[in-house]
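Read from first to last, the chains carry the letters A, B, C and D; within each, the first residue is number 1.
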């Protein structure tokens, strides 16, 4: 506890530095903006990403920075407040003059800062899986697009190992990512011969905590004689009460498996997972991946956070990949100038902790492997399926008909 | 029968099973000065609440000049010409003495009318006359919050006068006053009656005697006795429940 | 001397964005960031004025003014969304992007007319005004006052927040509206647009200030003060307090709506988070900190607390909530009359 | 529910004879011609291979398979040279040699274990076995189930076995047997039986009329049960609201203090639970009792914070409710951020004791979740304790005296300041108790309290300020109405509708359901 506080005190110092040292000449530090909520509802997820960026900055500096220049982090708190995200983005770019930013978790925060980054020609790395349907020249998307997470997961559920589900429940928090993902999934399911009568779709508000009724309705829906599976796009806080209710109402993974797209190791840390063994999550990375790059990552993280019980998760890995690629691109370009770095980014490759090589494609999205993990009693995931190679992102889903007349460029 | 003055008949008010007023009847003629006495909990204040529309009776009739008071809003009742002075002086501390009186002055009372209100010469002199009458001329521009207890009572009476009411309800006007102030107040109220009806609720029997008017005694929400102060004091029931205590 | 204070402040505020025109490197240059942030503060100042009229003058402590602000913002947001037109991702000439991918076939009826700027602006005033009228009428008629009214208004904004979060409502759900392109033919996201919006907000603030100041000096203002200090007494004087309270509450809500309408093009986004009860309470603290019951205090409070917030969320990201919390605690205890009260002493 | 079953041997036969019987039963099954030893290595293979090996081992009926399959299902089967071995007793093994399984293997295991454990001496195992066979619904299990049923004495297990038998008969090639199965399943009130019937309808056109009739019969029996379960959900939500609102009913209802930090007190109660659990984790004797022990701890911690807040801050603002509102909101913000800094923004794990997990079967087969049933009881107990404290104790008497007339109470020697502090501490302590309960259903994070504060105020205002009975009825009414609206309005609209409903309700009754009337209440 003392350690934590003193680390925070050090952070304050870091945040204070840019105000007192406005110089930026050749050889001056490279500034890395960190735009993650440290208070409010999203702090629960985003503080770990702030720490990941700070860890990467420290690690890069210990290797001599980039091209002889030190890195310096500028941390701001957009406080889970979407207009404040836009304001803080502008502050990072215009006041602190950062060379790159890492930030955002929710889609709305990204949508809020997007016009700012485009107007001021900044560079933002966005590390969370999202609904796609976007492509900005100022943003690099290092999380998964729906085809890198949702569709393979549902394919798995419909396959022999997943239980050959014939009926699907789409449960989500009512915001754009679940809505869009479920729309894509519905299109996909229809194309596989599952009719709308066999799809139940329900949305709940953020932080929904009373799942009794919905879980009971899911049970009823599943009791119609066809093998049923749940696809959960439930966000953040609402997962703990949801899984508790699932466990308490006795929904076993063998009967109604539930695959989640927003539940990772960090979320499971707040749940007793013993009743949940066998439920699934789909990601591009799990902490339990056995690869040299991952061992290094976990070690680096635990050393940095000074807590052997803290876990890593997919968005943290996506942050790490993005950071490494950016560092490589700056080294390649020999400058931090946004246009040069953007060009140098395309085609960068990183040996990711997932054990695969990720490549930045021209659509500003990464190639990623897709992994399905089963929840284990210790809060980790056992990987039960993974794609043989990293697959490219389809940020414009073929299952959304309107994408046909999308405005190009 | 009920065309003029104040007319209460069979008024009953129930709070949680407790009958605060129990078939109370009362008649106050125009221009009459009436004192209402009774022990604590006799229903004096509740009676005033019924007349001013603050409390709705469970049953019974309350009329003033033919208007059914039980169906009207407080403000509408006030605009009929019923003014009320509370037991605890309630003046507006943030406003000056002048402004307090200006608010009470009879004038259109809607929001737009208030926005467009300009103080005319006649209104100003009416306010100044009242300030003179209640002895607050020198304090015209002081916030009412700075007045002494007695002065606040006077200001409130002044506000009542500005309303130009036909019926004044005065709740324990002399509580906390010096003997001198008490005598002054008795004189003032007696002077006001005649043009208007005045109902005074009081504990202080000397004060009631000084008013020299008809007295109604309330007990347990109903009328126990009515008549001159001497008649009432001689009534054995009154002696038992009130004076004898 | 005191007569020069207000014009002085206005002149300083008008000068601020002009400093942005100075060349880079000049010590007096103000960055674009400051201009856009200050523009936002101007809108907050209007909201603070509106709240002060209701709370400081009439004693109606609304914890739901954020809802009026947000509704005003949504009205203009709808207009801005309509102006995007075929420039949206899916190139649909009429429907905004979020409707396209939620599968809407045509514009819902409550979006009709928002392509027209005067209509949208009118709605930005009328919708909050109407809501304030309905809620105010119901509450004031049943004599709901004081903390009860605060709780009810808080529940009102909370219910609206939940409702607007629903994607099925047709207001873009959690994402709300963003990525605006233009307003009145002027491309947004340019320094010039920020200038124009800044001055629009400044003019609106000065206008609201003057109207409020004039109003509070009439007898209506004194009736409000009397209602604040003793509402039932005012009724016994023959005033129908329902009408007075409703008048000021609706006016205040419309002013909050105007503030929201200016705010949205400046910050470039509106979403249901604006309905969050915490936002409304924060606005109350601006007023309390500056000094309620004084118009200058409300404006001053909005500026100072928000400046503090902008600075702290960068300088001490972990601590700013604590500092803000302490402000909430300290103001009622140590400076009940606010900054203005302290300055006057 | 295992706990309701008597352990031991209900048949009075020794286990040796049981194993003999098992062998006898299994020998009656058609032999697969597969050798036990050749199947075992498959358990360490890929998931498909594992599932196949498990199925065959179950069909083979070799009792040697039972410990292996059990170990596999519990992640205690290890890879070994040329085969597998069972991990020794003790802590769960870890590392790459542990054989992992997936859902497909789990399904196979359930069927195989069902066959092997159907005559186990442990009643819990026999029950699980019957349930496993119900889901397997293989006609091959018919003789097995009939034999087991003939020997079974525990009624509850018999019922499950009959279900499984009915399901197994549906897979028979003989239509008469299938029809008998349909009739047996249709005679129950079990959703599982209904699901099995519906699954069979798709494959068996000829009997769909019988199936439909059976399903309709089950639906009739289920309708009452579903209504009861909806009512339970409403009561459960109501009890959560009651717990969250009770503390407010004291601080707001009795003292008139708007405590916007109430939600944070609830949150601190939940964090106290976490701290107590972590502190006791090392002690094997105390750890199972950590949740009951957290109850007094949470009460004391939040009561102390409440008392400090009342004496230090609120006391100075009596008679200025709006300022108190702002001040307590600020306290809430500070508490929330301090907790975030000390404990981190992440959710904290709270372990539910076994008696709070799973479902509980009430009469008429109504199933309710254990944790929520406990919370309903807990909420009522807290309400009763609050009522008793106010009505029956000296402190309660003094509190009521101070509320009615502070000045007279003071002249009678009551230290009113102390009573204020105690009352506020009492209300805050109840908030802490709510936190203990909420830690069992919601996530423990710094934001925990914010989502409950507005609902709690609504309950208090709706029920009538100052009335415990009003709070009780208000909370349960809102809970049940919410749950009744939810299926057709959705969770959000139901909540919005309830909020709007309350706002309209207090138009008619501004003082709430149970209003205090009279002059005292108006002033």
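Everything that follows uses one rule, which is that a contact is a pair of C-beta atoms (placed from the backbone, for glycine too) under 8 Å apart; a residue touches a chain by one contact, two chains touch by 3 or more.
Remember, predicted model here, so these are calculated numbers, not experimental data.
J.: How many hops, at fewest, get you from chain A to chain B via touching chains?
T.: 2
J.: Of the pairs C-D and B-C, which shows more C-beta pairs in contact?
T.: The greater number of contacts lies at C-D.
J.: Quick check for the class: compute each chain's Cα centroid; which one is farthest from the centroid of chain D?
T.: Farthest from chain D by mean C-alpha position: B.
J.: Can you work out the whole-Å distance between the CA centroids of chain B and chain C?
T.: Centre-to-centre distance between chain B and chain C: 45 Å.
J.: Would you mind pulling out the distance in Å between where the CA atoms of chain A average out and where those of chain D do?
T.: Comparing mean C-alpha positions, chain D is 31 Å from chain A.
J.: Just the number, please: Cα centre separation of chain B and chain D in whole Å.
T.: Roughly 63 Å separates the two chain centres.
J.: Could you check chain A for residues that touch two or more other chains and list them?
T.: Only 8, 38-39, 174, 203, 205 qualify.
J.: Which chain C residues sit where two or more other chains touch them?
T.: As it turns out, chain C has residues touching two or more other chains at 162, 165-166, 318-319, 321.
J.: Could you list, by residue number, the parts of chain C that touch chain D in their complex?
T.: Contact set of chain C toward chain D: 61, 135, 138-139, 141-144, 146-148, 150-152, 154-156, 158-159, 162-163, 165-166, 277, 281, 284-285, 288, 318-319, 321-322, 324-333, 336.
J.: In the complex formed with chain A, which residues of chain D make contact?
T.: It is residues 47-48, 75, 92, 94, 96, 100, 102-104, 106-107, 110, 135, 191-192, 194-202, 229-230, 233, 236-237, 240, 337, 340-342, 344-352, 357-359, 369-372, 440-447, 451, 483, 486-487, 490-492, 495 of chain D that touch chain A.
J.: For chain A, which residues are in contact with chain C within the complex?
T.: Per the touch definition, chain A meets chain C at residues 8, 11-12, 15-16, 19, 38-39, 75-79, 81-84, 86-88, 90-91, 93-95, 106-108, 111-112, 114-116, 118-119, 133-134, 174-176, 179-180, 183, 203, 205-206, 400, 402-403, 405-407.
J.: Which stretch or stretches of chain C touch chain A in the complex?
T.: Going through chain C, the ones touching chain A are 31-33, 36-37, 40, 86-92, 98, 100-103, 162, 165-167, 173-176, 178-180, 189-190, 267-271, 273-274, 310, 313-321.
J.: Spell out the residues on chain B that touch chain C in their complex, using ranges where they run on.
T.: 52, 54, 73-76, 78-79, 83-84, 86, 90, 92-95, 99, 102-104, 109-112, 114-117, 159, 163
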